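In structure tokens below, several structures.
Below are two complexes that have chain A in common, paired first with chain B and then with chain C.
The block that comes next holds the complex of A and B.
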């Protein structure tokens, strides 16, 4: 695989519309934190600071959740270290009414849409505060009010869901655009072809956002596809695409904004390949040192999205050490309080075992539940129900 | 002040146990949430666990190098305490030093505070009289006619699992279900050395422990028998000497091993059972129609078995080159996980060290392992019945008698012998 520094071209930051070839890499931030000439999207100060704050919050949340997993306090966790810009930049560029169909590493999108931190942590625990009532695997948040769709684990299925929703939005004449996320691994799934094909044919209001983090668990991008890039795959479906520096929050923001506007105008779907890197394991159960070189990880650390954006803000005199320390403290307190609140919630009531599948639990379900309760009575306090 | 037990969490979705690699705290130490606590190695990864509470470390209940089941208590933390409070000063240390790494292990553990790892069977049942079991297990027990009160559970808090029931059913007599769960063998503890002599203690963990586990499992499961034959390799020596010179310029070191690998494939084509394994769970005998040979390789860390794939499809020169590259990679520790997996048969080559023959231990669950030994100058009797100076090599094969009988093993060895004594057969192949 090419080292990240080789991927960066010197002056690709032109504000072009999505190109059909998708071979060029859109980048705004230079490594020193300056913006490439003519590339700065000129966002308002509040927007810039909000992007940064969300990236820092996402990182701290991620760090603490992995720690809780190691301590046995949550089930498992899929860390996103190094990919903060991809989620934060793309979600910030959408309108609040737009729907998000996430894959594994877009949990921060739910938080940005208003899912309280404590409820996200409760989801990882699977207790009574969890909207999924402990029935979903950890990291599979859901937040309907924030137009954040509950994720299905199966690779690539999110694509069909997103395209279906976009077709529905078009039929109903909604203003909402659909943002459908996927990883590099999902581009090898059947759903990728079916979804991309439908999206292209029906010109649906969709932004497909592929976080190409170079690794699908242990499969490197080089073994995922023989295509030169992932972005060029969109051409086969008659869909314009852009290849974007995924560790550059401004480039991600700008590309998503353009794609969403295009969809809103009725000009159809756009495919974005966000080139980034998964610095930790696929999940808390994975050990990447068994299949990849530490040197590769180190090379990508130098392109850390948070550091790069902080340098940009400092260069614009919008950020300094005092602000950094205050923000870190605030967020640490916020996360700590959320952990406390989430852990204070009790387990889900045993009755929830049989609810929600049918409007009324069936006779058979009630009978089975009575048996469970009987066993529970026999072993009061010893059977964890 | 409350004392909280810290149980080893399932840090990798369904792991059974973890090895304590290193403690980052000592008893009596004041800790904060997020401080480094303990490094644990599981089947999947080595991970750092951080301290979950502010407080004082009261006790560490296991030592570095111990392998502990998930959900067993590995430490106790006095939550909210400070290091100088009276309660904290009574913190108890584990028998051998925990803070100073491997060097601490050099001192023999004091016998006063032995720490035994709680093996699954050692869990005490929650309360006498009550039996813990899931409804499905209860039903199965009813169907099997097993009284749950007579079964010792291996699950958390003594809960009876389906496996426990299978264990009872597997016993010849149900009248003695107490014997159903085989008690783990008590660990042997060595006394401190007598005064005046020196002993060295090294941690038994990591690769050494993995090798130990694999070897014990093989010896305890496979019914080993070893068959040895001598091979008159006069012609092979001549052929190899010539080949070595011819390939010298291309940087390929032609050794005897590729010829032997090809001969083994020829033997397996005639006796496919020699390239097989037993799927115990499915009760099926799996014959492999691909030929991936593990080559037991001696490294500083211990035995490593990299695999050469598709031996049947490669030329002798290709095999020689691949062996050369793999050996270098293995010794330099560059060998990838995919190069250590997928073997169907193993060859162990002790020829360059010495010896006559050996009784190799099968690389379980493969069915057999071939030991290759030194070529020696030995008198042989030629076709005319005269004694002449010859070159003879021993081959030893250990076979799992559960799957392959002696006669098959002997006939298989005869094919190999024939190929190596008449190496033109290797070059021309079979019809």
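The block that comes next holds the complex of A and C.
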């Protein structure tokens, strides 16, 4: 794949277009839910309502799954409270043919792409309904029909995969755009540099979306990098970038839409830094009170993305208390039914221990499995146990 | 049939598959116009264009990570790592990503890709151009590991690797890139992975060797013949999956086994072969298993000849299986 010769382009004048700028932050919504003057993208009513519904569903799903974890019904959970706008706004701005390479807190993207809720919950449990066949820790969804890829737990490796997929899309002449997600911590990884560099060199159809939620487990973004912003790092890779208010679903939607259109036109990758905040621990195993000030969390609660967007919709007379109650009830019913269905599924079949290592198990794998089966039958008379 | 070197056979295999399947792409450092530092990709960019054969920035992590992404999307990437010694910045992408993709996604996503890399010593390359680190990859579930020793096998195994549905480490013995010459079938030629080759039939002792060690043990077998000992040589060709049957059948016949590899001895692949024989054919053994290997040292520069297995050491290994 030839690295295209770059022409110097005039830098776009409008504030909302991607530039290699530093600290400027794209916002559409004010905290009171009003739109900044001239900033309202004027989305169709159906789009607005769908964005809101997904944010509420994401929040309720998240709340209930954390609760299941606390009750011992699932082993682990990585909550996304406060980051709903970042995932919902960006995924909604993509086309169905576009691919999603998520990090830990983009699970809602799989749901938006059509992963049935019960299958998502089955993934968290790790049973026979789980598409991963119980082989991954919770929050590692996979959904190929929706072009949602199943990540590993290694930070940053998905960046190069997103770039590689974008290279492949370009080689094949497809119109698909690749969305690659990462967190602030991943900007320190090898793959961030390698992937960003390749993306810039080959000018691939890619939107890199960094959810800067300020914390990589216990390490604040200020200790992750001495760079003034994360967005500015893109400049060194010849890639335009934008800092976006990640708690503002309209700003996220608008920025992603522009970046995806740019990629689809063949104008190359864009880097988005979505400035947001992780309000809970890194995971159900983390206690953030050990390393951060509650005051900081409270300050971000005031910028809650769901509340802000609800105020915007109310202001436009698109939303009211009755609609809110009906939606909450529908989603609660939906989640309850999905939990019930997922918990009713049986355990993973023992044979899945050795399938999918390769397309066909090797002789060695069959032999290893047969030995375990024999031992169990001999000693307990049963298999599976 | 055409006579060619092992290096030319690798080139012909890629050319054949690029013509055969437009999903096949070849990339890596200096593989484009230059045709690779050894010349294995010579002419591919001219023939297939720079969308199908292209140079990359100097980053093994980037080469291997983007190869995974290309495979996920539906291409059949062949990533060249210039020397196996340089692969470690991309090790994570091989062992944590490519090797785990099918399993972790329950079979939804797969990584049909080939990682080609010249490996091994004997070329005055010092520590960073000589290592045989095949054992790291054999120890990683989800990876196939293939090492040819002849031009015909190079073409046939590389074509099979490119068509395989899983990631394959295709390690090329650079020491014999140009010295191994032989007849190679023209056109379609596939050697299935997981099938070893009887290099030479014999009755007194089995020698298991792969890559550049195969021509070496062939010389040793001739020496042994002068002493009245008949050597059988087995080249497993793929270490994963391994043709255990072929090795076990041979050892059951001869009652003796010498395993030869360049890699350091401790946890080297020879240990695995020895263990399989001990578990499944110990009652057939008439003497101890012998290993002739590299040393548990970093690969030396000045003392390379002392480090590498040679005919004398192979002969000593054979003797140990008879005299104990």
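Everything that follows uses one rule, which is that the second predicted complex is superposed on the first by the 360 of 385 C-alpha atoms of A that agree within 3 Å, B and C clash if a C-alpha of one lies under 4 Å from a C-alpha of the other, contacts with A are read in each partner's own complex, and residues count from 1 in each chain.
Methods note: a residue touches a chain if its C-beta (ideal position, glycine included) is under 8 Å from a C-beta of that chain, and two chains touch if they have at least 3 such contacts.
Source: prediction; values computed, not measured.
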Partner chain in contact with A:375 - chain B first, chain C second, else both or neither
first
Taking the superposition as given, does A:299 touch the first partner, chain B, the second, chain C, both, or neither?
neither
Identify the partner contact of A:167: answer first if only chain B is touched, second if only chain C is, both if each is, neither if none is.
second
Scan A:194 for contacts with chain B and chain C and give back first, second, both or neither.
second
When both complexes are superposed, which of chain B and chain C contacts more residues belonging to chain A?
C
Touched partner set for A:69, first chain B, second chain C, both or neither
first
Kindly list the residues of chain A that each of chain B and chain C touches, one partner per complex.
none
If you look only at chain A, which of its residues touch chain B in the complex?
67, 69-73, 76, 281, 283-287, 289-291, 371-372, 375, 378-379, 382-383
Note which residues of chain C are touching chain A in the complex, please.
25, 27, 50-52, 54, 56-57, 59, 61-62, 64-75, 77, 89, 92-93, 96-97, 100-110, 141-142, 144, 165-166, 194, 240-242, 244
Which of the residues in chain B come into contact with chain A in the complex?
7-13, 34, 44-52, 126-127, 130, 132, 135, 138, 157, 336-337
In their shared complex, at which residues does chain A touch chain C?
1-2, 99, 101, 130-133, 135-136, 140, 142-144, 149-150, 152, 154, 157, 159-169, 171-172, 190-191, 193-195, 197-198, 201, 355-359, 362-364
